[in-house]
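Shared between the two complexes below is chain A, which pairs with chain B and chain C, respectively.
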Partner chain A sequence: MGDSSVSSIIRQAPGRAIRPGALSSNGKLRKRLELFFLLTPALVFFVGFVLAPMVVGAYYSAFKWEGFGPVSDFIGIRNYVRALSDSVFQLGVVHNLIYAVLSLIIQLPLSVGLALLLNRNMRGQGFLRLVAFAPYVLSEAITAVAWLLMLQPGGFVDQGMKAVGLGSLIQLWLANTHIVLYTLFAVITWKYIGFGIILFLAGLQGIPIELREAAVLDGANGWQVTRSITVPLLGPTIRIWAFLAIVGSLQLFDLVWIMTLGGPANASTTMVTYLIDRGFQRYEFGYGSAVAVILFIICFTFALLYQRFVLRRDTEGATTRMVGQ
Partner chain B sequence: MKKYAVLCVISLCLAMIAAPVFANGQKEQAASSSGNVTLTWWHNGTADPLKGVWQKVADDYHAAHPNVTITPVPIQNEQFNTKMPLALQSNDPPDIYQQWGGGQLATQIKSGKVADITNYVSSWIGELGGSVKGWQVNGKQYGIPFDLHIVGFWYRKDLFAKAGISAPPKTMDELNADVVKLKAAGIAPIAIGSKDRWPDAFYWEYFAVREASTAVLQKAMDTQDLSAPAFIKAGEDMQKFLDSKPFQEGFLGTPAQQGAGSSAGLVANGKAAMELQGDWDLSVMTGLTTDKDLASKLGWFPFPQVAGGAGDPTTTLGGGDGFSVTTKNAAAGADFLKYISSPAVQKMLVENNIASIPVNPAATSSISNPVVQSVAAYSGAASFIQTYFDIALPTNPGQALDSAVADFFAGQGTPQSVAESVAKANQ
Partner chain C sequence: MSKQASNTNALDRTGTWTPIYYFVALLVVAVTVVPLLYVAIGGFRTTAQINNAPAGLPHPWVTVNYHAIIFSVTFWQDLMNSAVIAVIATTLTVAFGAMAAFALSRYTFRGREAIYAVFTIGLLFPASVAALPLYLVLRSIGLLETPIGVAFPETAFALPITIVILRPFMRAVSGEVEDAAVVDGATRLGFFWKILLPLSMPALTTVAILAFVTSWNAYLLPLIVFTNSVHFTLPLGVATFQTQYSQDTARILAFTAVSMIPALGFFVFAERRIVGGLSGSVKG
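Up next, the complex of A and B:
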């Protein structure tokens, strides 16, 4: 299938209109060489580092294998049955879903709102944008270690809350099994809000000023302009952001691993921390591979459905290129 | 024609993937056919002073053995977990690599790449004492430690005095009484880094060591079966101890060694009075405080006796750091390990604060800190050193035990669920 679609793209490539009549054999060869040189590097990397490991992972997932010696103990789908019936893995799935839903209902309004504010003409606009974006530039490991230290009892966060009179709201942020999940979500929001803001600021630049001016001339107030013009026209950006946010939530790992190792007592475990714990900490590589395949199927199914039903209008007639996470 | 082009692409892909494999094969031949050997050495000394000292050890060895070149490759400690399985599956594993013995070593041996060095080391291994047993599997030597570790309580003498405690506790009852006294004085009695899981395991394992006789312990490790009554009693002791709330506020989220808010940092800065940790804790604490007199304020006492426990009172929980050798250059690698455990190098490790308790007793005299000296003396007098359970057991059940104990600390699980975790992981 890939083969025919590639050649159809080539035939339609702009600026390379096909002369009436047959191509000279020289032209054909050149086209082949071009195809060969342009495609090979990407193909090698894709096959070697994406497709092949996926196939190998799926193969391992059918074995009980601890990483050393021959892969010989074939156990069929027992790894999958075990993962799906393991309460800790189920807990991880639930946590991932909570993160996905929370990011839609909290991060989305927050980042759209901040983007609208930062889009206004005001003094220090550039500086404020920089401040909002700064956490996103930090590496995830540094963010995690910094917040781990600040969130210790009596640490920076507690001191800050006492200083502004919120001392009664202080919790054991990382030690309370009922709170740790939301503490981590707050740190994730702090870290990734800048990415949403930048994306929405770019989206706002794409909304023609004339539309808003026309609405204002028709007597619309600021709130009406925002609600009926700006936000609907921001739709495509919001849909892409939501896609990235949900996939990011499903694959969440670094921050959780460094701050809590998924604990205490699995209260903040995610699918990927579970995968790393069983695969690399406990050397259950076969089982870990099965968890990875399940994670892949969940993400892949979600991506396909989302593309098919949500992004369809946005991507019609265009090739979508994912940037970022 | 189209198919031909696709074929071209695929075959090129294969060629590019296969090329490094063939290149490796050639390199291997080149190494073994000449008299000169280059050994790669994976160790966890990513920062000075350890990194510099290991480099010097490699250089000095090369100076004495010009035909052997040793290339140290510092690797982040945690990465050994992920890198060693891959390396031992490959055709080009490191010749010497850091190894902690026990069940993890037994797991790695299944790769067939770890060398049995029994015959190479038999002439000199006797100098090192019984601690080398931790690196044996089925009676064969698969590695050599360069230092030993002993777990015990580090405590602050100044805070003990403030709470009116005159001598460190010898029994659990005394420890419980001291916890009450410290709380009354407004001092967090014991700091623990439960976020990292393994500090929790020290407690449960020590209760097990106090409750179980040496024979029961050894049998449990060999059979990977913790169903003996002593291990259930250990969980019950643990529950009683947890119920007395001896730890700092929010201990479930506290890291063990990161920053002043970590368990080591709390003791180093006088915010908590004790911590059950390895002998290395002194150097960790020194790095987490500006207090120059810290070492003089610290003392050490072994894990208290449990009333009615069947354990030998002089049994200790511990382990060590060592190196294993892979099959390709086993003889040369084993000779390098002999050099590392020689008195001269061992003394250098002690003097540079790399090993607090050297594996070679000949170097014990170089220990300068009197507290560490007493730890080393205690270790030397121990009737039996039980390796940390998570190292003594194979990787999977060992880690499962750590997790089960950590869950237990967080209020989830029972003495039974902890004892059963090992058998469950092996199913």
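Up next, the complex of A and C:
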């Protein structure tokens, strides 16, 4: 996490306060009390609201339970078997994977390309960054409501397309089961592309100009410099962005729920909309807990593998360091 | 900016990219701004106007929609609820995160790395996945329909990134600074409070903004915790309003536009911090 450069200075720092003989048993007690005071609030919150729910969920996942009354109908792994063989859940997994792949093959080149184009010292640069980033700070809920209205049949989007001569391409954006997934992806791209652009612009600023100038002096043209120097050096930023994009794709909920509720006919359902639907709309708490555990395992496995094999060379990522030590 | 100038112009001396740059820049601005403008301007029309010409301009301009929203109890209630929850979550996140990061960065004790590792697990753990079990926990301890029922879990889920950002920052403060403070008679906690926290201000601002924006925009957690609309937050309120008034497009547009103002205003006000903080936290 970037602390390797300063680690030599700080290595001894934590130990400094404890000099040989300076700590009486009184001092040790005091240190323990301080640590208790400093760590307890964070640990209580984290254990209580992050770890405990997962343990509770794992427990309920072994029961058939509607959320009220005694938890007594033990059914072992039947909830898991049911989830994994449920075609709607499988559809949700596929949709999440489609979102992840689409973000890598569409959003990534788009945001890197825009960042490369915009990375020059022109008038209005600051304003441009401000504007491009604005959708990112809006909540997904507000974004969803705005686009829901604009995408109504005959609505703003359709009228706009007609005005620029694309009227023949108009679809039932949210009602056509073959289109809806991609409509939602377009809205997601609208909201999150600015974040990618800002991230890559920051990454580009970190590439020493000397490298590119040297390549130009050696006769490389602009495209060659971009392809052979700039983009490879942007690698760490790209890998972090991809991690965030994939994790984001796996837990997509707000936007889909408000715009389509996962419909029509499950055409836009995701893993989390499936979870919320089964858990809260149908009160299948035992089953929903099993789905939550499966989702957790999917996200956790992906994140660990990604940190271990893709991010390892860029950053001393927190988890890799933890496993490596 | 000066660094940027040298970074880019060397490869652009001919200026051939300039028209393309301006074209792309204009396109980005248009694609971003036009939907926002549509929402804001649509609020000045009547639903009949919108149904007749969805992409038209107000004719005449009407303020009745905005007037109804600004003087409605719902909007201000939602706004207050969002603010209360975001302030609680942000305060607790920064306080508890800074305390834990201090312990994990400047104390030596057995199990330190293990505790840090436990927190980093939270980085891999999306809140939405935990929603259902979390609901059951909140119900069993009686926190449903309360602001802290949302603010406490938000704090818990914001702690990992907060600690991961703050720990290296606090580590990097030289041990000599601490020694000097001890020589001057400060206790370790005194050093934390009077010296380390002020020195960590940039990082603290970053994590505070992250926590605030995350809480402000949250939808799923308020959705499962609140059923009584008196407690709704702004994102939940907008989504609910949309289903309640689904026939009155103009009024929904007005409500949506007004709801965008706090986030966009906060963003314009703190743009450098937000952009720097988010890209900084991501780059580690």
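Here, the second predicted complex is superposed on the first by the 277 of 325 C-alpha atoms of A that agree within 3 Å, B and C clash if a C-alpha of one lies under 4 Å from a C-alpha of the other, contacts with A are read in each partner's own complex, and residues count from 1 in each chain.
Here, contacts are C-beta pairs under 8 Å (C-beta built on N, C-alpha and C of every residue); 3 or more make two chains touch, one makes a residue touch a chain.
As the structure is a prediction and not an experimental result, all values here were calculated from the model.
Superposition note: with chain A as the common reference, chain B and chain C are in steric clash. Shared-chain residue A:Glu66: touches chain B; no touch with chain C. By the document's definition of touching, neither partner reaches A:Asp218: not chain B, not chain C.
Once the two structures are superposed, chain B and chain C can be ranked by residues of chain A touched, with C on top.
In the superposition on chain A, contact of A:Gly263 is made with chain B only, not with chain C. Look at A:Thr237: by the touch rule set out above, it reaches chain C but stays clear of chain B. Legend: residue contacts after superposition of the two complexes on their common chain; A:Glu34 is shown touching chain C, with no touch to chain B. In the superposition on chain A, contact of A:Gly124 is made with chain C only, not with chain B. When the shared chain is aligned, chain B and chain C each come close enough to touch A:Gly48.
Aligning on the C-alpha atoms of chain A brings chain B into conflict with chain C at a single listed stretch, 79-87, out of 25-33, 79-87 or 151-159. Taken together, the two complexes place residues 3, 7, 35, 39, 43, 48, 67, 145, 148-149, 152, 154-155, 280, 285 of chain A in contact with chain B and also with chain C. If you check the complex, the residues on chain A that touch chain B are 3, 7, 32, 35-36, 39-40, 43-44, 47-48, 66-69, 145, 148-149, 151-155, 172-177, 180, 260-261, 263-267, 277, 280-285.
Those residues of chain B lying in contact with chain A across their complex are 1-2, 5-6, 8-9, 12-13, 16-17, 81-82, 85, 88-89, 107-112, 194-197, 248-255, 258-259, 261, 394-396, 399-400, 403, 406-407, 409-412, 425. Those residues of chain C that touch chain A in the complex are listed here as 1, 3-12, 17-18, 20-22, 24-25, 28-29, 31-33, 35-36, 38-39, 42, 53-55, 92, 95-97, 99-100, 102-109, 113, 115-126, 128-137, 152-153, 155-157, 159-160, 163-164, 167-168, 171-175, 178-179, 182, 188-189, 213, 216-220, 224, 234-236, 238-239, 242, 249, 252-253, 256, 259-260, 263-264, 266-268, 271, 274-275, 278-279, 282-284. Of all the residues in chain A, the ones that touch chain C in their complex are 1-3, 6-7, 9-10, 12-18, 31, 34-35, 37-39, 41-43, 45-46, 48-54, 56-57, 60, 67, 114, 117-122, 124-125, 128-135, 137-142, 144-150, 152, 154-156, 158-160, 163, 190, 194-195, 197-199, 202-205, 207, 209, 212-213, 216, 222, 225, 236-237, 240-241, 244, 247, 250-251, 253-254, 257-258, 272, 275-276, 279-280, 285, 288-289, 291-292, 295-296, 299-300, 303-304, 315, 317-319, 322, 325.
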